[in-house]
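Note that subunit A is present in both complexes that follow, paired respectively with subunit B and with subunit C.
So, the complex of A and B:
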């Protein structure tokens, strides 16, 4: 009976989230095509909740949400860098709808083919750039987009490229800052390891992953590679416990400006036995733990760290890491305080309500590597 | 052998609980320490280190950690080395040591297994 109770409470929680998803999607300026489905579902689910949901109805709608998140795509226009152009006529730009839940090397072969004939410099691997920033291929596309473009894709009304993500294609001078990806095996190894890491956090071991046979492992990879929902989720669902009680921690990553992630062990329940919400999560994370990725936008890993163990004495180490414009207020105790100062966050392109259950978000808004990525948006570029 | 500061690796360290600023009472996650103890364990054909525990800066990237270990082992550039956290996974080169420590340390140390082959791949 307690299971039924919790199921019903999950349904009501879900319906709250959907209304948020709906309102956020409506002003997200077309960067969340997948979420149109969620918005449609929103109304239906609410009606169902009023009528008293049954288990089958619930799982049906949940499945639809999962699929909508999976189907989220970003329209991208690729243009060849003028430095690489060796033909007389510049090639036309190439556009495609990129799945949020994928990685660039898995989808850019067509882009490479398109530009190959217009450049003679093929000595290096192809790489992508946005506004001068080299794109890190090992971060999921949706996280990259939220982090680099976030809420400020609202260019002027008469811009013909409005709503598109404009990326520049390079074939030379591969930047040191980003990892190399010479072949598919690299991305496969990377993906497998992040998946292991997330599942290790989630369950304390990776038995479920190790128990996969070779066919299942291939099915999972093919599902990701060819963006095949049924294939991918037929295996991926095995990594999600049937009951929240089987979770050890929820694997989450906080991302800012595509810098290395901040990771925390988020308990599923608080000390009163209540399911962790986004607000509780933000309160759980001391501001000091995210401070390093927020300051100093140029260096990736060599930024200075918290030099003191004393919580109250963090004024002095803040002076050196002030950004050129942004001043980080050292009075923040937690990430929640920081967000309260007007900073936005995005998960799969939207800003789910603070009352959303984190364990639910992890399963439904998580990326294929099983991490829930929470992207903090730069307050100065709003 | 070496002692870190008085951190608990468990997620709920009472010493770090400050006044909650929201209506929901919550304990806090640990604050990342400046220096952390890393314990290197060899496997396969990789040589053991004389000194196995190191105090390293928490803001090092995993790439830095790999480079440091390679230097310690005096490996040539053509000799392969694979590093695993707790015999489970290979972190990405850009993950920071402090974040890994926060999630995967036991008894105030992070165990990194290394091998000349991808032993737990």
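So, the complex of A and C:
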């Protein structure tokens, strides 16, 4: 457990340096304890197709993996924006280990307290920025990190901040492109809505969620808020079917550059009764469905999707009441073809083997909102 | 409603009878792309001055003013004097632009309503200001700051904040609506026994919109009701 645990934090810390050594290859022939079991379990899920191993059957090591994923943390250094500095002495930066499976507003109260005395501009809510990009708080921290930093922590070897994620703290000019988060209720509402969606995808209804009593609902929320594994999973386990046969679809989100996710309904088994693997998933998704969120596409979608802050009449430019003429000149047919061209993906900071079962990944590598986030890394900036 | 294509077919057919809505696409080469957009310009008294395609508002709309349709519960109906009169709209700084989007949710397989309200200078109204203008607020006595079924989310295509009427109850609601109307149909006309739920699915979007619209300040035009009853 500790090895996988440190693996996750190492990869998060210093992904560029370690990504080759710990990429998919190490999942199938890893020379360390934790990883061997991941690959064995994946084989197990692949061979026992129809009866799909129940969660209880593969509990021992899986529990360790689940715990390790939960314990994954990212070291962050927060610095106050110079624009907001009103004291004579600039405050020292604030650093903390941020859980991947959390949301920024749940952990940044201490950061706010730290900088409060150094700024007089507290008119707006606090917000965070990385390299000029406002951080979307509604995306889980681990997904934000994989997506914005990915395998590309650009700090040089002798930089003392190497391995840390440097975020700038702002107290004014809250960007209108990110969701407002004036209090905890907003995080709660957002979290519940996404959790509902994931569970609707999984089971076709949300009765399991609606049937929680008030104590259980609070337990789940407190587990997330205080990052308490036992509390959180005591409730969260109810949302995972006992058998893979009870799944309708697997809730997954493809993320690129923190843009709105691409969501596909992924069946647990293919038409031959094989349990869906990552490779099958990537083959299942047409490239064109992903192309529009990629920055380097040639289509006009770039200009359209980037100018939406000027609301007025922007949409009218794109109105077409007739079907658009389809061009079929794309280089890639599926997302898998695209990944084969050298594009990397990350799930909870690592690149699980293509033969991994997606339903397994969803439970063990999923985020607290029950979605499996697959982050695509930009090939150009690497 | 089981697929995007079905949503699109129903949306395009809806536009035929209710031409203030537009079908908007953003992406090229994507089969499953597009959503419905309606823009309403309202003044401070919450009267609709003009809508997206004001030029196409037909004359018979004026009949709404002496309406016996209790579906249009927005304080006032379409003011024909302001049709096509964009100058007066520009001069009025109190104009609020209500932008409604109806987007198909693949997760829930239902249409979902998104809403944003902004001023002429593109500044977005706060939620409490928006909420108080929605007829829905008159039915819901809970605090306007936290309405769990109406929350700010990231627009699934534009990626900017929009208010979303949460779709998790829509599948159940529509199941009930469509099965009720099936029974009514059966009672009325026994010859029409092949009127199954599947057939009623073609009214999914218009039925849903006729329930949701009055709650969020969209007037259902008389010509659309006529159009639907002639179908």
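The rule is simple: the second predicted complex is superposed on the first by the 289 of 382 C-alpha atoms of A that agree within 3 Å, B and C clash if a C-alpha of one lies under 4 Å from a C-alpha of the other, contacts with A are read in each partner's own complex, and residues count from 1 in each chain.
Simple rule for what comes next: a residue touches a chain if its C-beta (ideal position, glycine included) is under 8 Å from a C-beta of that chain, and two chains touch if they have at least 3 such contacts.
Since this is a predicted model, take the numbers as computed values, not measurements.
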{"item": "Contacts of A:270 with subunit B and subunit C, given as first, second, both or neither", "value": "first"}
{"item": "First, second, both or neither for A:279, with subunit B first and subunit C second", "value": "first"}
{"item": "Which superposed partner A:337 touches (first subunit B, second subunit C, both, neither)", "value": "first"}
{"item": "Touched partner set for A:206, first subunit B, second subunit C, both or neither", "value": "both"}
{"item": "Partner chain in contact with A:176 - subunit B first, subunit C second, else both or neither", "value": "second"}
{"item": "Touching partner for A:67 - first (subunit B), second (subunit C), both, neither", "value": "neither"}
{"item": "Touched partner set for A:238, first subunit B, second subunit C, both or neither", "value": "neither"}
{"item": "Touched partner set for A:185, first subunit B, second subunit C, both or neither", "value": "second"}
{"item": "Shared contact residues on subunit A - subunit B and subunit C", "value": "136, 138, 179, 189-190, 192-193, 196-197, 200-201, 206, 260, 263-265, 288-289, 292, 300-301, 304-305, 309, 311"}
{"item": "Residue ranges of subunit B touching subunit A (in the complex, touch as defined)", "value": "5, 11-12, 16, 18-22, 24-34, 57-61, 63-64, 85-86, 88-96, 98-100, 102-104, 121"}
{"item": "Residues of subunit A that touch subunit B when the two form their complex", "value": "136, 138, 179, 189-190, 192-194, 196-197, 200-201, 205-206, 249, 260-265, 267, 270-272, 277, 279-280, 283-286, 288-289, 292, 300-307, 309, 311, 333-334, 336-337"}
{"item": "Complex contact set, residues of subunit C against subunit A", "value": "12, 15, 22-32, 37, 52, 97, 99, 106-108, 116, 118, 120, 122, 124, 127, 145-146, 148, 151-161, 166, 168"}
{"item": "Complex contacts: residues of subunit A adjacent to subunit C", "value": "136, 138, 176-180, 185-186, 189-190, 192-193, 196-197, 200-201, 206, 251, 259-260, 263-265, 288-289, 291-292, 299-301, 304-305, 308-312, 315-316, 318-321, 324, 326-328, 330"}
